[in-house]
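One chain, chain A, links the two complexes that follow: it is found with chain B in the first and with chain C in the second.
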Partner chain A sequence: MARATVLGRLTWRVATVAALRQETPNARTIVLDVPGWPGHVAGQHVDVRLTAPDGYSAQRSYSIASAADGARVELTVELVPDGEVSPYLVEVLEVGDRIDIRGPVGGWFVWDPARADATPVQLVAGGSGIVPLMAMIRTRAAAGSTAPFRLLYSVREHSAMLYAAELETHAEAVTPTYVYTRKAPGGHPRPAGRIDAGLVRAAAWPPDRRPLCFVCGPTGFVEAAADLLVAAGHDPALIRTERFGPTGGPA
Partner chain B sequence: MATVSRGFFGRRRSGDPDLPPGQYLVTDFPVLSAGPTPRLRTEDWEFTITTETGEKHAWDWAALMALPAQTPTVDLHCVTKWSKLGTSWRGVSLDTLFEDVESAAEYALVHSYGGYTTNLPLQDLLDGQAWIAYEFEGEPLEPEHGGPARLLVPHLYLWKSAKWVRGIQLLHDDEPGFWETAGYHNYGDPWREQRYWGD
Partner chain C sequence: MSTDHLDGNAAAGALREIFTTDLTAATGTCASCGNVATVAQAVLYTNAPGLVGRCPGCEAVLFRLVRGPGRAWLDLRGVTCLEFALPDPS
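The block that comes next holds the complex of A and B.
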């Protein structure tokens, strides 16, 4: 199995907030300047550490949303009600603030254009599970890769969709199919509902193309989506998953 | 040196002495797996210990059930930062399974149905530290949590407690497993916060 690797020791680095972008009412993108950032591969995550004045600290993991770009690293964080770290990142953090991060972490749930061939890629996102997959879409575009991508993105309703406008600019490249679980926008070809076998058959790469599948989202979504892919005939060995626990980070 | 985060005060939940550094408490049971959940029938299940000389010891489900069970109550620490305290399990101690195994090996590579692997020193599997667990909180272990049976080695980060365990291979030389080759610490002691390479 091809692996991206983390070389050497992962030290904490001081990151400065360069910009903030509200993505939805509950999520925002934090643009960080991280001097000495070693670069990353799409799909990797970072650990964020917040420290109170008395030394108390809390750590969480967040997926990187951006393609590798020098010292710039973007995270998109969705508010977890009653969370400890995400409310601070989504509602308190300001431009110019500094936080500790370390990474990049993770060498499995990754897509690297330098190692990619003509293997099709099937992206399957539930909710904020789109974040590491967006890093793959952005990396594909930035690298000028022609790897065949498809995206299946399940979200509560349109207002909860991350990167909606930007995804439209990638529509030709990634053939997105959107699934709305609670309320579908007017004119959407499919009524509100969960991803199912028919949709996987119609929208995902057929199993005989042997796509590499990346499935990311809350645990229940990932369990269901991965089971549907296996039931549709996809090789379990080609399905990579990343689950977000109810507590915010990939769990 | 930690950077103080303006306006951050936190929950202070880590005041719990049972919580290793950098961890926070959860009451649910999050799932971390690298791929789809294998669906295994107990009638197809088999567990083996293979020594460094190739000698193989095997148990089917009925044989595992016939062995004396223990009911450990243990704390779980996941490298993704959550900890769950006081979980109760039922399973067979590795000491029982290793009773008739003769080996001079120092390392173990654990294999799972679905292809997952993880490595640890053999001594971390013995002396009441590890089980093949098949019940969680009084119920058969759910597939997404590793059922029908998983390794339980709670003094290390939870990725060492391989779900869907199918065998333990004994080795003279340490051989890093799945996450251990992907940037995660080779040993994974939560109390020394050994999350990643070099920690």
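The block that comes next holds the complex of A and C.
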């Protein structure tokens, strides 16, 4: 007897690189063609496995950047210096190459327009933590959702910002606020610095709107940002977090 | 707090290899302190021979998962109850 949401055991499948897109000097988007892809929900990720000719293999988790679209799946990977997997994905991988992926996985750090009502959504990204949040922004647009979104995006400097041009096209829908931690571009209203209490008060949804908050970034950023949201009066039960480490994911 | 940990979201693939439903959205009760949280919120250490999930409340070990050639070990010693959405049988 088939049950819609009870799935089979998850196994690895082969994905073919259909296209590559340089996003910043250190990050690129890998467009994968995955025959039989079952679709995904914004915020989900995949595990990527690389195997060397001698049989040594390494795997990492990467968030899906794209809205569900048939057999196409996009990952955006940022280079981790001295990393084991990301240098290959960012600098070596070519169109036509095949990699093993497993997914989609994750059912908590997700935003599904089919289940969302008019609940406001607060997105908070640190660095490449924007990737799963971009999937939510793209999914919102693709679904024609009117759920009120706001984005707080912290990056080192403008050249490290992912999807900068595309985010501008969503500016009206997601009211982005950018925070530059190292160097702010000329004319930016706020000097370089980390996200702080004043900024959360000024730029995020007020706590009485009870937004669902998605916070993603390096572990230290996520801890700090989630604490700021709680300190500002946001209900911890409405804050969903996803951390990635210096290695970009689990070994 | 140290920042060498991830969170339970990163264990989703390894757990879905074993369970037919997503376990990261399930809520678990910590056997040590009684804290109730989703598996996604567990403090996850991957710099061990496997995955170690700890309680976000008291840091006691909730689960350990080790994958070896042709087999897996799953230790759920720190979780007294898992609750997850499951459709009724049709």
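The definition used in the following text is that the second predicted complex is superposed on the first by the 243 of 251 C-alpha atoms of A that agree within 3 Å, B and C clash if a C-alpha of one lies under 4 Å from a C-alpha of the other, contacts with A are read in each partner's own complex, and residues count from 1 in each chain.
Here is the rule we go by: contacts are C-beta pairs under 8 Å (C-beta built on N, C-alpha and C of every residue); 3 or more make two chains touch, one makes a residue touch a chain.
Note that the structure is a prediction, hence the values are computed from the model and not measured.
Asks: Could you look at A:R9 and tell me whether it touches chain B, chain C, both or neither (first, second, both, neither)?
Replies: A:R9 sits against chain B and chain C alike.
Asks: Could you tell me if A:Y88 is touching chain B, chain C, both of them or neither one (first, second, both, neither)?
Replies: The first partner, chain B, only.
Asks: With both complexes superposed on chain A, which partner does A:R182 reach: first (chain B), second (chain C), both or neither?
Replies: Neither partner.
Asks: A:V46 contacts which: chain B (first), chain C (second), both, neither?
Replies: In the superposition, A:V46 contacts chain C only.
Asks: Have a look at where A:V105 lands relative to chain B and chain C in the superposition and call it first, second, both or neither.
Replies: both
Asks: Quick check for you: in the superposed arrangement, does A:G55 touch first (chain B), second (chain C), both or neither?
Replies: Only chain B; A:G55 stays clear of chain C.
Asks: In the superposed arrangement, which partner chain does A:R115 touch: chain B (first), chain C (second), both, or neither?
Replies: It touches nothing on chain B or chain C.
Asks: Taking the superposition on A as described, I'd like to know which of chain B and chain C A:A226 touches: first, second, both or neither.
Replies: A:A226 contacts chain B only, not chain C.
Asks: Applying the document's definition of touch, where does A:R21 land relative to chain B and chain C: first, second, both, or neither?
Replies: Touch partners of A:R21: none, neither chain B nor chain C.
Asks: Do any residues of chain A touch both chain B and chain C, and if so, which are they?
Replies: Touching chain B in the first complex and chain C in the second, residues 3-6, 8-10, 47, 61, 105-109, 219, 223, 240-241, 243, 245, 247, 249-251 of chain A appear in both lists.
Asks: For the complex, which residues does chain B have touching chain A?
Replies: 2-14, 22, 24, 26, 28, 30-38, 78, 80-82, 114-115, 144, 178-179, 181-183, 195-199
Asks: Okay, in this complex, where on chain A does chain B touch?
Replies: On the chain A side, the touching residues are 3-6, 8-10, 12, 14, 47, 49-53, 55-61, 84, 88, 92, 94, 97-100, 105-109, 219, 223, 226-227, 229-230, 236-237, 239-241, 243, 245-247, 249-251.
Asks: Touching chain C in the complex: which residues of chain A?
Replies: 1, 3-11, 45-47, 61, 102-103, 105-109, 218-220, 223, 240-245, 247, 249-251
Asks: Give the list of chain C residues in touch with chain A in this complex.
Replies: Touch list, chain C to chain A: 1, 3-14, 16-18, 20-22, 24-25, 38-41, 44, 46-47, 51, 85-87, 89-90.
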